[in-house]
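Okay, so subunit A shows up in both of these, paired with subunit B first and subunit C after.
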Partner chain A sequence: MPDEMEEIISEFITEAEESLDRIEPLFVELEQKGHDADMLNDIFRSMHTIKGAAGFLGFQSIVDVAHSSENIMKKLRDGEITLSKRLMDVILKAIDMLRLLLEHLREKDGIEEDVAPLTQELENVLKESLSGSPDGGVTVETREKEKDETSRPQDDNAVSNGEPAPSHGDETQRHGEEDNAEKPGEPAQVHKDTSHKAKEAAQNLRVDVERIDKVMDLAGEMVLIRNRLLNISHYFDLNYSSDTQTETLMEAVSFLDRVTSDMQLAVMKIRMQPIQKVFSKFPRLVRDISASVNKKVEIEIYGEGTEVDKSVIEHIGDPMTHILRNSIDHGIESPEERIAKGKPEKGKIVVNTYQKGNQIVIEITDDGKGIDIEKLKEKAVEKGMLTEEEASKMSDEAAVNIIFMPGFSTKETATELSGRGVGMDVVNNNISLLNGYVEVSTQKDKGSTFRICIPLTLAIIQALMVEVAGIKYAIPLSPIEETLKISKDEVDNITGQDVIVIRNKVCPLFELNGILGTGSNGGHDRDHKYVVVISLGEKKFCLAVDKLLGQEEVVIKTLEGIDTASSYVLGASITGDGKIVFILDVTAMSRSLVEAT
Partner chain B sequence: MSDLNIKILVVDDFSTMRRIVKNLLRQLGYINIEEAEDGAQAYSKLKNGGFGFVVSDWNMPNMDGLALLKKMRSDEELKDIPVLMVTAEAEKDKVVTAIQAGVNNYIVKPFTGEVLKEKIDKIFEKIGK
Partner chain C sequence: MSTATAGEEILQLVSFTLKDEEYAVDILNVQEINRITEITQVPNSPDYVEGVINLRGKVMPVINLRKKFGIEEKETDDTSRIIIMDIQGVTNGLIVDSVSEVLRIPADIVEPPPQISSGLNSRFIKGIAKLDNRLIILIDINKLLGDGVEV
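Coming up: the complex of A and B.
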């Protein structure tokens, strides 16, 4: 039984948090839209449900907070009071408190919060709203009503309260089906809106993440074994093609090949969740931040249904929050400034998410003043990160991405808000952890766009196998634009940097050999070179390798104890022939190679 | 004492609540328990037959407990299945509405296993099973 109880509690925590996640953005929407009975009822019901379950589990603080909030929601829903900023602030505070209480339960830290001041505040605000003036003037009747309502949970605990239905003779009485079926606060539309969702939820199953990850791991292992089998079957095909069993083997292996790919995709999809989970926090966040810096900002979110891997959900929140803070703090101008520029008083941030090939793209665009590129360059020179010459040669596209360079803190200009010890380089690092990259483009007085690109899945990727100095490496396929075979004469040298010209565009060329320090093994002497063209956002560079071996699916195994950024190794994988190969981190390469050019 | 093998449908939109109610019923010895997330899902499950008792929450999206009750009572096949309504609000007017709609009993949350047992026993006593 204790285990069962523990499971119920953990389910309660998850479910209650999900409810809060769902209703929180509704508040901000309400604040903009004004009264909306459907939304109010939705919030009311969630509070009500959380209260009910918490009551069973004996979480009195949660019951108290949810109860006071529910009271307010009910009065709002029924139109007895109207939503004010003060009311909203207090309710949001209550939601924060509920989250905190749930967190304590999850951590089992035994910390108790004193919720009395909050419930008192909730009640006071409700009284103020009912009386229509903040300084008392509450009628006796209202006060009694309040008292009655707040004391109810205690009454509910009393077993005797639930008397059997008074007259059983009444039970046989039936009223018309239609009359009274809908309560006044619940227009028919609510039903319509939620019916689809409810149907979807009905077929959902809650599964422990560990179990899914186990399946994911096994699927990864299967990919490796499949790759080995493919190799072996090719060998048989070449050497024993006359044997009828070889054909059977080939058939079986190719079937296994197909099934493995399908399974991999299916497992990947289990881990995918709509990015909405992260985005639902943003309206509130934007509201709070913009209020604290006296700016007016609205946020529009598109593509929140886009599905991404669970680990993306877990890690994208912080960097995105930081970008949003940055946009509100530094990007969007004050209302006065905006009016003077002939812009609408209210700034706008648009978050757009979509899938592009095997990547997820998240764009955060503000309509603020843009990033001052000259200032950025100045500061980079000041900090010794660039020489004056480098700075003056640097294109605007490249220069604006200086903000992501490690050590380029915006501390001097940062206000208290975005200067919380997290610079843009941390944003970059967080996103690199997801094998993604971030870039920014900006236009003076038009605004800036941060674009985050992340591969769809993290565990299994398509890679190009290359060979350098007799060693095999895997390069993730998604940033590879093309591969070329060039002759030695096509390589030019501009101020010490090898370059090649691809369709009239100059592109820096690096010997992979040199980067990895594996020693030169004749790559220079050959007449021809194989070149892998890497494109990461605005940055483009070429890697020269000895051989191109072809495409393979690799399962990324992370390596402990290796500084991936300085060794340019993302992880390792086992290939079809059973050997271990390193997977190269081209994002890290681009950062240290290209930014310096 | 009612038949412990009776098939019971627990209706609530919050899965933790379903689990709590199910747990309490199990502690009372009932073994045949199914769940539904709202009135609409409950109704279609009930139509598949075999259920002898319904414990339903009141406040649910899609189709609430009262609407489910009314729908059941007007359905020739389901009109005799006893329904226990779970509610957090002990508002008199609501209870009266439920009684008029033909609820067999109601229970105010949070409740204990004993209270639940008491309620169930009363219901089955009344309908003579």
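Coming up: the complex of A and C.
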């Protein structure tokens, strides 16, 4: 096959997959909302495009499936049939088939799928729906009708009862009469206001990720060299300040400094993509999972336009899927249980994403039964993960984190969805890989919130350089709230724990030297100490250091062969002069230090 | 140096010394041998982890073999070397007193470690090669890090 043809085909596959990714959540939304002409039209057009392109390229099975689906979409759009659960199931099946066919094309494995049964099913369902849906279809609420009225009201009665006869319940009747009065309008015009959306596609360039990564690497190296030059120019400034060339050097270096920062940001932005890419799969996922455990759950997604690094997109899907499964399986109660508790029958999961400083925060909140802390502790003791004494002393906030311990699962019976023993610890690990952390808060019968915080980018971080016992360390800047200089007598001791009072709030203080167990204990007796205040979610603690050296951009290098968990180190960086500086993992510190107190 | 004849399996080893003993590792695991460079201490690490070094932009841990084997400590000097090795996919440095030579020995002169040496370190030993009047201890490099935790 000639190269151009390959290229056209691969472009077709990418575009078709993107279309499917985009319309799949629309179906689920449609199922919840009932009728929405814009959405239906959007789906119809996407299907039509796939069909057209596949036809041109001669992929007959794709054409067949797309054609049958398109037929249904057309009838739906024109209000000739109504959306039923059965109809939806078959359409989703068709989408899965299209994906499978595209996958075969991509792999060039030459496998042919037999699409005849599926197209037959699609035809059958369409026929059934046309002759009046046996399962009643989706009833549309009055509210929605009124909204639609302004655009194309004649669709409504068709949607509400599956046939155009205006002879049903009072409500429909009323609308039906109004509709009839306006009937002359052609139903086909319904979609005219949405047609411009298709042309929205901006000027985009598809670039191989490898090329971008290469630029990213180079940018990282440049940051290192820039730091080195800054050091050297600083030296010249100190020692040869009378020389006019020194000034020129300083100027050039500071310009380079600015340009490097800008470039780094620009390269970083190339890799940024809206997190929607991951989220678009969730409505379908929630629909399928909740159906398989006989629960009713709806999902609301906010902030899907938030942009994150490509690597985050790649790694955040699995842990989030796991949390969602967990929420549906363990969190949300069965409809009966919910009604008995006076909650709405349908459970709700809200996914909210926003940027907070240098971090991306993803919150997954369910309105289920919450996590039973006592049961968690019991189970942990039973499994020998905790002793009775540890469990009874453990605060609720600390105890929630038991779910992240390896091999822990509380549900009595393991279901096929969650509770295979590989559970939330996997979530925790995956998030840690992204240099992020997970927090859980829970309230009995109100629900639980999982809060995932991850840095915007993974390769380069802003850090505060500190020194203890003569060794330099970098502390990531994002969790640092402030730095203070305190005198020795400002430190109090409460039951063996050093604390300081910051604006009337007591905050535990740890000697960084003591935590890291390196070097001599020199800083202890000084009159003054420098304190870095770390704030991670609800937790706050202080680290005492000997010196604050200033802020620097550091390139993270991963450490292999070192147990990073116990050493409180998340990576290392090489400074301008070739020395290694460890980047401290304050999240790990907070986990083991603050909970212990 | 070896007296191997054709058809026999030949082991290629890098030999080095710790205190008075001679040890050897498989040459295939050895990436390079360096002089001691600046070593940065790792917080809360086992004492045999001397720290990390910067090898041309790559950060890798360095293990002090004397400490790992429970041999009395000694300051590093001019003859001390860091052997950079690939241990189960991870690059590590091993600090040794000195590196002697590359040996080619027939596999059949290697004897299993004697049962009596039930000491802590015998599990790192793959075998002992008798060579003229020398005894060379072959180290099982994969066991060196694999279960180092309980030491």
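One rule holds for everything that comes next: the second predicted complex is superposed on the first by the 400 of 597 C-alpha atoms of A that agree within 3 Å, B and C clash if a C-alpha of one lies under 4 Å from a C-alpha of the other, contacts with A are read in each partner's own complex, and residues count from 1 in each chain.
As a working rule, contacts are C-beta pairs under 8 Å (C-beta built on N, C-alpha and C of every residue); 3 or more make two chains touch, one makes a residue touch a chain.
Just so we're clear, the structure is a prediction, and the values are computed from it rather than from any experiment.
Shared-chain residue A:V426: touches no atom of subunit B or subunit C.
More residues of subunit A are in touch with B than with the other of subunit B and subunit C.
Contacts of A:G517 after superposition on the shared chain: subunit C is touched, whereas subunit B is not. Applying the stated contact rule after C-alpha superposition, one finds that A:F12 touches subunit B and leaves subunit C untouched. Shared-chain residue A:F582: touches subunit C; no touch with subunit B.
Of the two partner chains placed by superposition, only subunit B is touched by A:T49; subunit C is not.
By the document's definition of touching, neither partner reaches A:M268: not subunit B, not subunit C.
When the shared chain is aligned, subunit B comes close enough to touch A:E4, but subunit C does not. According to the touch criterion, subunit A has no shared surface contacted by subunit B in one complex and subunit C in the other. Listed in rising order, the residues of subunit A touching subunit B in the complex are 4, 8, 11-12, 15-16, 19, 42, 45, 48-53, 55-57, 152, 155-157, 159, 161-162, 164-168, 170-175, 177, 180-182, 186, 190-191, 194-195, 197-199, 201-202, 206.
Per the touch definition, subunit C reaches subunit A in the complex via residues 38, 40-45, 49, 52-54, 57-61, 87, 90-92, 145. Residues of subunit A that touch subunit C in their complex: 471, 515-519, 557, 559-563, 566-569, 572, 574, 578-582. Touching subunit A in their complex are the following residues of subunit B: 13-17, 19-20, 23, 37-38, 40-41, 57, 59-64, 66-67, 70-71, 73-74, 88, 90, 95, 97, 99-112, 114-115, 119, 122, 126.
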